[in-house]
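Submitted below is the structure of interest, expressed as structure tokens.
Should a chain be cited, it is by its letter among A, B and C, assigned in written order, with residues numbered from 1 in that chain.
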Amino acid sequence: MIVLFTDFGLTGPYTGQMKAVLIRHAPAIPVVDLFADAPAFQPRLAAYLLGAYFGAVPRDGVLLGVIDPGVGTDRLPLVVRADGRWYVGPDNGLFELVMRRAAAVEEAVEAWTIDWRPERLSASFHGRDLFAPVAARLALGEPVPGTPVPVERVRRPDWPDDLGRVVYVDVYGNVLTGLRAAALGDEVELEAGGRRITRARTFGDVPVGQALWYENSNGLAEIAVNQGRADSLLGLVVGDEVRIVG
Amino acid sequence: MIVLFTDFGLTGPYTGQMKAVLIRHAPAIPVVDLFADAPAFQPRLAAYLLGAYFGAVPRDGVLLGVIDPGVGTDRLPLVVRADGRWYVGPDNGLFELVMRRAAAVEEAVEAWTIDWRPERLSASFHGRDLFAPVAARLALGEPVPGTPVPVERVRRPDWPDDLGRVVYVDVYGNVLTGLRAAALGDEVELEAGGRRITRARTFGDVPVGQALWYENSNGLAEIAVNQGRADSLLGLVVGDEVRIVG
Amino acid sequence: MIVLFTDFGLTGPYTGQMKAVLIRHAPAIPVVDLFADAPAFQPRLAAYLLGAYFGAVPRDGVLLGVIDPGVGTDRLPLVVRADGRWYVGPDNGLFELVMRRAAAVEEAVEAWTIDWRPERLSASFHGRDLFAPVAARLALGEPVPGTPVPVERVRRPDWPDDLGRVVYVDVYGNVLTGLRAAALGDEVELEAGGRRITRARTFGDVPVGQALWYENSNGLAEIAVNQGRADSLLGLVVGDEVRIVG
């Protein structure tokens, strides 16, 4: 399986062109859209989101991750192996949390820079021209078309283990943070949008219209409002600070 | 084929995570998105929409329907067999019109509650954790992992055969009602948004900017405006009343 | 592979119903969404967009193109063979630029009107009822269910080779024109939204907040703003004029 994690948005031809390349190279491999609206141009925020959602990729599957504000510059194209999964995308920290979570449970992590170049490489769309063909090859079990690099060279050791920022706002207006709920106590309150928010197990545990935070189905601390939209009630957008208090 | 009918929205990881589960369990079964924006949290409205669109599912195919405001409560997980098709989702009336339409043509209707539980069942995402694995099994021809229940136990006999409500607004601003056009005469007018609307065969039969209602390609009475948006002209949103007059 | 190019939008059941038909007829053929938001009801604008993006379709693949404001009138249903690819859709000019680009490099171009009709043909959804079954047949290698017509009968010789109009606005607010960049010199400026815009190689070549035009990854002249949205800064929407100056 090849799983897509991009900021291409839902409209327009970007995801479709990339899928057409994947299918041309690997017709028998299913392709799944995980996020097409990961934090645009913000690989650091996106890294914490991916760190909670990579489980959608099966073992030996490929995560094709394209949040790539540096396309056309000299940032390196990267392949990472972590948790028994492949990750393909730019070397800008997007895979930092995936590598860190794997390293924390003593799983082997490996990295390669991609040496292969297509005949025609556009300046602005390496997702289609470079990363997709490499992802297809890996999904087919072919060797990495690149050179091993020491993992330390592509890590971001100064980034925190959990990030007190909004990393995603979902279709219901729920606000996903870069904080793992399991790292926080039951008594912990979050402060965001000028309010303090207490933990609950589920929406129904608080009155209608009240904000709460809870552990979402992927383990992140998520802020919601019972029968309302947390993003508009609290005025929160991707990138905003979320502080741990209490 | 597995066909998806949900209120997950187009953005975010919900549909993608569910598809990843389906593909992991049943890699050879194609998955088709029918609606990702069925009436959110409103299984009754959604039921009338599904009652007109289930034909996209082939015989022996599976409709995975997740409009599930009661997730995490004690509402039962359900499998229904009607029209030679499988339906998997919560027991909240979502499949009522499908069962009713099948029963009306004397097709057999059967129902089961799902006994199987996954190793890890999140509180908020049974679509991914419970319903998707069951849908995959049924698509593979495996037996229902549940207990038969008398169909009467999961029916909603008090619901009307046709619903005078807006059940969907499409991308062009056309307004789908829960009324079947065949149940209405040619002289019938609809009243919605404070206006009376006459029937026409197609857009071009009325002047530019005028509202009409007609039988849409799935048999529902649909309100539209020639070269305009009916939703904004008439101020209609999902759930609004549509009255039969004249 | 069957590639979709429509104005059905992302929401609603239209694309899903069409895919369900494709998969029922040709279960082993992958289907890719290229554009679901091509210029709505405007086949002429859409034709210039398609003329730049058809390369996503592999040789012997099928492009199913449905921008069909004339559905229900007497416009003919069409199959075109150009560039070794199949095109299926309405005879309204949508495939003009594809045919013209192929003819320009002396590739054979052929056309057929579709004679086959389904048992049930809705008045408003030929994409699902007529074009999708034909696309599936062609993808399976079956003969065209139609009658050859002289290509001149379905061409639009009066249309220009390049179109000075906005043909698409992407998710980032970038503005795609119907002008091929290769047809324009480096010194050429574009005038749109009341401003003159100079060419650059990439975003970073101009100051933050400034507009530029450049050759996009599919060869079109595209107007963008470094770290901004060109559509809102310049007040541009699909169909607006873009003049070549300087």
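Everything that follows uses one rule, which is that contacts are C-beta pairs under 8 Å (C-beta built on N, C-alpha and C of every residue); 3 or more make two chains touch, one makes a residue touch a chain.
Since this is a predicted model, take the numbers as computed values, not measurements.
Chemist: Over half shared numbers or under half: where do the identical copies chain A and chain C land at their interface, same or different?
Modeler: different
Chemist: Just how much do you need to spin chain A so its Cα atoms sit on those of chain B, in degrees to the nearest 5?
Modeler: 120
Chemist: Averaging only over C-alpha atoms, locate the centres of chain A and chain C and give their separation in whole Å.
Modeler: 31
Chemist: Quick check: what residues of chain B touch more than one other chain, meaning two or more?
Modeler: 10
Chemist: Okay, in this complex, where on chain A does chain C touch?
Modeler: Spelled out, the residues of chain A in touch with chain C are 8-17, 19-20, 23-24, 27, 40, 72-73, 122-125, 128-129.
Chemist: Show which residues of chain B lie in contact with chain C when the two form their complex.
Modeler: By the definition above, chain B touches chain C via 1, 3, 10, 30, 32-37, 53, 56-58, 168, 170-172, 201-202, 204, 216-218.
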